[in-house]
Amino acid sequence: MKYPDIPLTRLVAFVEEDAPFGDITTESILPAMSCNAYIIAKEDLILAGLSEITALFTHYGVKTDSTLSDGISIQKGTRILTLSGSVHAILLVERTALNLLGRMSGIATKTREIQGKIAAVNSCCRVTATRKTAPGLRLIDKKAAIIGGADPHRSSLSDAILIKDTHRTILTLDEAIRRAKSASLYHLIEAEAESADEAVQAARAGADIILLDNMKADQIRETLDQLNNEGLRECVKIELSGGITPDMISEFAALGVERISLGMLTHTVRNADFSLEIQR
Amino acid sequence: MKYPDIPLTRLVAFVEEDAPFGDITTESILPAMSCNAYIIAKEDLILAGLSEITALFTHYGVKTDSTLSDGISIQKGTRILTLSGSVHAILLVERTALNLLGRMSGIATKTREIQGKIAAVNSCCRVTATRKTAPGLRLIDKKAAIIGGADPHRSSLSDAILIKDTHRTILTLDEAIRRAKSASLYHLIEAEAESADEAVQAARAGADIILLDNMKADQIRETLDQLNNEGLRECVKIELSGGITPDMISEFAALGVERISLGMLTHTVRNADFSLEIQR
Amino acid sequence: MKYPDIPLTRLVAFVEEDAPFGDITTESILPAMSCNAYIIAKEDLILAGLSEITALFTHYGVKTDSTLSDGISIQKGTRILTLSGSVHAILLVERTALNLLGRMSGIATKTREIQGKIAAVNSCCRVTATRKTAPGLRLIDKKAAIIGGADPHRSSLSDAILIKDTHRTILTLDEAIRRAKSASLYHLIEAEAESADEAVQAARAGADIILLDNMKADQIRETLDQLNNEGLRECVKIELSGGITPDMISEFAALGVERISLGMLTHTVRNADFSLEIQR
Amino acid sequence: MKYPDIPLTRLVAFVEEDAPFGDITTESILPAMSCNAYIIAKEDLILAGLSEITALFTHYGVKTDSTLSDGISIQKGTRILTLSGSVHAILLVERTALNLLGRMSGIATKTREIQGKIAAVNSCCRVTATRKTAPGLRLIDKKAAIIGGADPHRSSLSDAILIKDTHRTILTLDEAIRRAKSASLYHLIEAEAESADEAVQAARAGADIILLDNMKADQIRETLDQLNNEGLRECVKIELSGGITPDMISEFAALGVERISLGMLTHTVRNADFSLEIQR
Amino acid sequence: MKYPDIPLTRLVAFVEEDAPFGDITTESILPAMSCNAYIIAKEDLILAGLSEITALFTHYGVKTDSTLSDGISIQKGTRILTLSGSVHAILLVERTALNLLGRMSGIATKTREIQGKIAAVNSCCRVTATRKTAPGLRLIDKKAAIIGGADPHRSSLSDAILIKDTHRTILTLDEAIRRAKSASLYHLIEAEAESADEAVQAARAGADIILLDNMKADQIRETLDQLNNEGLRECVKIELSGGITPDMISEFAALGVERISLGMLTHTVRNADFSLEIQR
Amino acid sequence: MKYPDIPLTRLVAFVEEDAPFGDITTESILPAMSCNAYIIAKEDLILAGLSEITALFTHYGVKTDSTLSDGISIQKGTRILTLSGSVHAILLVERTALNLLGRMSGIATKTREIQGKIAAVNSCCRVTATRKTAPGLRLIDKKAAIIGGADPHRSSLSDAILIKDTHRTILTLDEAIRRAKSASLYHLIEAEAESADEAVQAARAGADIILLDNMKADQIRETLDQLNNEGLRECVKIELSGGITPDMISEFAALGVERISLGMLTHTVRNADFSLEIQR
C-alpha cells in the first residue's frame, strides 16, 4: 500500500496553530531577507513526512530541494532537505515541520524495526497499526506506519467490522457475526475470540479474521491447533493483540499468525530527532 | 496556572475523524438500547483529560458521573468515569475518549514524576514543556503538562520572544536583544547563550531569561558563577535545555537554575492505559 | 445496518446556505410570535430524514413532536412532524428541512420498491447504492438508501478495494488482486470481470466479490455456470452493475446473484413531496 | 446572466468526502506513474460543470485540455476533457468529477429542453429554478440551471421578498406587502395570489411579481383578464408554479405569463452519463 | 425589517480569536469560583448587540438577566445585563462581548441620530447602509444599522443589481439596464446616473432606483425636476450618495429623495462605551 | 516589529461573504473580458493593507503591479496598485479590497499621527493598541497599528498577564502578582494601579509594567515621583490608559512614561478613502 497525501489545508492549520499572531521574535528582530537552510537528521532513522514538509515549505514560498524520499533509511547527519527563501517563512514553518517529520519518522522507524523482527521468523506475518493514534492525527500516524511497513488495519470505525468484547456483552458471537454478514457484503468481518472454542465458533460463523486478544503463547498455539483440526485454519486469518512488547514479537510471530497489532506503534511515539540549520 | 478548556468543536472533530461514515460495526449488530459503562485506569497515573471526555460524552447525549478531577493521582483499577446512555453513542466515542485521556494522562504522569525529582532538590526550579507537541495538539499537550506541574513555556511563536541560534547566524546577540526590546514592551525576552560570556552579554543587554542549550554541568556552573561575579544573577532567570534525560534531571536542577525544559514531555509520549467496560 | 447520524453542524450549514443574511421576507413582515405548524406527506412514501429535521428544528429552538420514525411506510396526507415555536425560526428552517426530507424519503422510497422486487424472486439478493451521490451528500444519500433497504456498498474510496477497468488498463487482473491482498488484510477485495473466464480467474486469485459490469443475462448465466463448474461459486459473491433499469431488476435478481448495484438510487433522485403548514 | 464560480475549497471538500483516508485501491495496486485519460459523454447533453472539474483536476496537479465550454450542446461520444498526469490523482478525483459533471449537465440539459418548449410559444417567458435544490448544493444547482437557460429566481431567503401562504395565515396580503415595501427599497417583492381578486389586490398594493401557485389554465386566464381589465397587467410580472409537468409547459407558457418555476429542475435530477477512460 | 441572528459559531470564533491558548491571567491567579457581574452603559446610546452577547455568555455557561432589548434608547449608567457564573467564563468573554456591544451600539446610535434628522424633514426618506463594512462583519454591521433605523441596502453582491461607473466604462447605460432586466426578474435594478439626462435615460430604460452619486443640491433638484417633467418621477426611487456628511443630511433629505446612503455608518465607527463590573 | 501576514484563507472568506452567490450585476451585464484598473488614494494617508489586497487579487487571477509598500506616506491622488485581468474578478474583489485597505490605512494613519506627537516630546514613549478591535479582526487591526508605529500590546488573552480591577475585586494586588509570577516565567506581568501607593506596591511585588488607568496628570506625576523616591522607577515600565484623547497625548507623553494605550486606535476607526477605477 502506498500512502495517501495529507491535505495541505491541514498542514497549514498546524502552522497557524503555532503562530496565531505571527512569529513575534523573527518579526521583531530580522529584516525581510533570503537565506539558505537545511534540515538534518540527528540520528539513524526511516524517513517519513518529507513529502508533507516539502508541500508546507512550498506553500509558504520557500524553495525546496532533496534527492531523498519517504521510506528510505537515513543515517545520522544526513541532510534531508535544502531550503532557500525568506528567513521569516523558514523560521515560521520550522517547528511545525520538525514536529511533523519527527513524529512520522519516529513512527516509521519503530515500525520498520518491529516489522524486521517479524519478517525474520514469519514471512506471512505483518505488524499492524491500530486506532490508538493521537487525536486528529489518524491519517498522519497511519501513513507513517504504512511507510514503516505496517498493515494499516482499520482507518476508522467506518472501515471494517470488528466485533469486540464490548459488543459481546450484549450479543452472542454467532448472532453478532450473523448480523454483521447480513448488513453489508463490502466490509471485512473480524471477531475477537477469548478461547480456542470461540475461535472455532467465529470461524464457523464466517468471520474473515479472528482477533486473539491478550492470549498467552500456549493458548494461541492451542487455538491454531484446534482450528487446524477442524479444517478451519485456511478459512480465517489470525491477528494477535494486547500486551505484546517489541521483545516478545519474534516469539509471537513464530507461532504462525498473519498479523500482530501493536497500539504502541502510534500511541507511544518517540519523535525522531531533526534540526534545521540556517546557512550563512 | 489553571488550564484552558479545549473547545468542544475540536473534540467533536476527533470523533468525526474516527467515524466519517459512522461506526459500522455497532450500527450493523446492536439495536438502539441503553447501557451502563465505566472507564477504568489500568495503571497508576496522574489523571488528565477527564473534563474533556466528560464534555464529549455529554455532547453525544451520554450521562456521566465522576467524583474525580484532573490532576489527582489515581491507582490502577480506579473507575474514572461512569457512563449511562445509548450504547451506540458510548461505543462511537470510546476510542476517541480513550486516546485523549491516555495521551493527556500519559503526559501529566511523566511530568509530575519529573517535577517531583526537581522539587526534591530545588524548590525554585520547574520543568517546562516546549513547542515540540504533536501537530494540532498544542493546547491539549500543554494543558496536560500544566496539570502535571510544568510551566507551559511559550504556547506559540506569538507569545514570548526567544532568540535562538538560527537568529544568531544573522544578528549579534546585542543587536537581537536591542531590537526585541524596542519592538514591544509586552513580551518577555529569552536569549540562547552558548557560553558564559554570552550569558553575561545577554544579561547586560537586558534579556529576561537566558537559555543554556546543550551545556554540560560544568559549563552551567561556570556560567552561573560568572553571572554572580558580575552581579547579574538576580537580573535573569536561567533555563536549561537540550539532551537532558529524566535520570540527569536531579543533577541539573541542583545546579540552581529556574527552569529545565524537556521536549520529551510532549514529543515522546507513552499513552496511559485506560479501558472502557460495558456493564450488563 | 442501522444509520449513522448526520452531524448537526452540516445540517446547520445547509440552513446558513439558504439564508446568508437572514430570511428577509419573514423578518420584514412578521412580528416575533409563536405558532404551531406541521409537516405533511403529499404522497405515499417511505419516511427518511425525520431524525435529521427534528435535530435541525430543535437546534433553532422549535419544539417538535412525532410518533413516527424513519423507515416506516407513510400514506399521503400523514402528518409527519408537529412543530411549535417562533414563526421566524420555523420559516427559516422550512425549505432546508423539506429539501432534506424530500431527498432522503425520495431515495428511501425508490430503494424500498426495488428491494421489494428483488426479494420477491431472490431472498439472498440485495440492491446496493454506489458512490454516484450528489457531491457533499454521501452520508445523507447512503443513509437514505440504507433506510430503504439497500446494502450501502463502499462509503468512499477508503473503504473496500474495488479493481476496475481503469486499473486493468495498467495491470493484469492476477497482479492487481495479488497486490491488493498483500496491501492489507482488513479490506474486502472486489474485482470487475468482463467475461466468464475473467470471473474464474478473479475467483482463483482470491477476490471476495466479482463485479459483472454491463453483462447481459446470458453472459451472467454462463459466468455463474462456469464458476459452479470450477467449484468456485461458493468462494465469491457476485455483484451486477451497469445499465440495469428497475423493470429489468426481477429478471437479473432471479439469476441468483448476491447484489445488484444501481447508481440511479442516488444519482437520479425524485424528491418525495412534503409541505409545511402553519396552523392558526 | 453568466455564472458565479464555485469556490475551489468546496470542490476539494467533495474529493475529501470521497477519500477520507485515501483511495486504498489505487494506492495498493498502482505505482506512481503518469497516464493520459479523457472524459467522454455517453449521451447527448448540454455541458455544465466543465469549468468546475477543470479547476479540480488542476488543483490535484493533473493537466487538462479541452476546446469545449459550459453551455454548448454535446453529442454522445464526444470527448469532453483530456487529462494527463499522475494516475493516482486522476483516479482520486474521477468519481467526484463525474458526479459534479453529471449532476450539472443533467440539470442543464433538462432546463434547456424545457426552456426550448417555452420559447417556441412565448418569447418573453422563462423557466425559473427554485430553492428546492439538494442541501448544500444551491450554488451548483443554480449555476447549472442558469447554464440551461433558466432565470435563477431567488438564490436564498436573503435575496428577494416572497410572501407566501405561510405568511398569509398571519397577515393580510395588503398588510404584508405594505410592510415589505417599507422594510427595504432594494429587494423585489413577489406575492402569492390564490385567486384573480387577490392578484388584483396584490398588484394594487404594489407587488412587483405575482405568483399564481397551483392554478389551472382557466383560472390563470381569468386572472390575466382581470388584471388587464383593471389596467394592472403592465405593472406586474406573473409567475406560475405548482404541479406543472414538462408536457404541460407549452400550454401554460402560451397563456402569456413571464415566468414558470419548476422545482423539478433541481429536486428531481437525472445525472447525465459520462465516463472516464484511461489511455494506454 | 427585523434583524437576522448572528450564528453562534461566529460569535464563539471571536472569543477563540481572543484566547487561542486561554486567558492566562485569570487562569494563573483566580480559583474556580462563581461571581456576579453586570455590564453598564457609560454613555447615552441606542442599544444593539444585547441578543448576541446574551447568546455568547449563555454558551459559556454564564446565566444572564436583562429587562432590556436591542433598539431601545439607554441612558448613561444603565445596567444592560446582569451576569452570574464562573468568574473564569465571565472574564474570558468580557472583551469580546464589549467589543461586539460597543461596535453594534455605536453604529445603531449614529444611525438613529441621522435617521432622526432625515425624518424631521422628509417622512419618506431613509438613511441606508452600504457594503463599506468591516471585512467579515457584514451581518453584524448591517444588523446594527437596521436596529438604528436604516434601510440595509444590498447585503452583498448577490442581492440587487447596481450598475455603477465601473460598469459604465464598458457598457452604455441603456445596454446595461437592458441586459440586467433580461438576466433575472427577481432582483431590483439600480443604476448610477451622473446627470439629469442620464437619470431620465435610466428611468426610461426601466431602472427601479436611480443613484445620484456625488451630486450637489442644485444638480439633484434639476434632476428631480426633469424626471417630473418627463412624467418619470413616480416610476423610480432616488438614492443619493457620496460625500454627504451628517450636518448636510437635512438639506439633502429635504430635496425629496427616497434614500440617502452613508458609507460612514459602517466604515467610520466609534464604539459605544460599556464596561463590565465584577460584584463582590 | 514587522508584521505578521494575514492568512489568505481569511481574506478569501471576506470576498465570499460579499458574494455568497456571485456578483449578479457584473455577471448579468458584462462579458468575460480583460481590463486594466488601478486603485487610487483619495486623501493623504499612511498606506497599510497593500500586501493583503495584492495577495487577494492574485488569488483571483488578477495581475498586480505596484512600486509602493505598506508603511509609507502617500499623497492624495497617488495610484496605489495597478491591476490587469478579468473585469469579473476585479469587480468581485473591489469592495473587499477597498474595505481592507481603507480600514488598515485608516488605523495606520491615525496611529502614525499620534505616535508623531508622542515622539516629539518623549523619544522613549510609544502609543500602544489594545484588544478593543473589531471582532474577528484582531490580526488585521493590530497589524495596521504596528505599521502606524504602535507597540501592539497583547494580541490576545493568551499573551501577557494583565491584572486588572476585575481581578482585584477578588484578590489583593500582592497576592495576584505573586500567583502570576509563580504560574509561568515566560509571560510579562502588568498590573493596574489606582494610586501611587499601589504602584509602589506593584513594583515591589515584581510587576514588569504598571498600568495607570484613568489617572489625571497630577496623580501620574505623584506616582512617578513616589516610584523614584523608593528607587523603583528603573524596575518598571509605566503605561497610561483611559480617557486620553489625541489632543491630550503630548501632555501625557511629556510626563515621562513609556507607553500610552489608546483603545480608539482600533475601536474608533475612520476608513481611509480609496477608489478603484477601470481604465478604457
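Letters A, B, C, D, E and F mark the chains in the order given here, with residues in each chain numbered from 1 onward.
The rule is short, and it goes like this: a residue touches a chain if its C-beta (ideal position, glycine included) is under 8 Å from a C-beta of that chain, and two chains touch if they have at least 3 such contacts.
Owing to the predicted nature of the structure, the values given are computational and were not obtained by experimental measurement.
In summary, the interface at B-F recurs among the listed pairs D-E, C-D or D-F; the equivalent pair, sharing over half of its contacts by residue number, is D-E. Ranked by distance of CA centroids from chain B, the top chain is D.
Taking the mean of the C-alpha atoms as each chain's centre, chain A and chain F sit 45 Å apart.
Separating the CA-averaged centres of chain E and chain F is a span of 23 Å.
Multi-chain contact residues, meaning those touching two or more other chains, occur in chain B at positions 1, 4, 9, 19-24, 27-28, 138, 155-156, 158-160, 183-184, 187.
Of all residues in chain A, only 1, 4, 126, 128, 151-155, 158-160, 183-188, 190, 209, 237, 239, 258-259 touch chain C in the complex they form. Of all residues in chain D, only 10-11, 13-14, 17-30, 33, 35, 37, 87, 91-92, 94-96, 98-100, 102-103, 131-138, 140, 156-164, 166-167, 169-171, 175-176, 179-180, 183-184, 187, 263-264, 267-271, 276-280 touch chain C in the complex they form. Against chain F, the residues of chain A that register as touching in their complex are 12, 16, 19-24, 27-28, 32, 88.
Chain D makes touch with chain F in their complex at residues 1-5, 7, 9, 138-139, 142, 155-156, 158-159.
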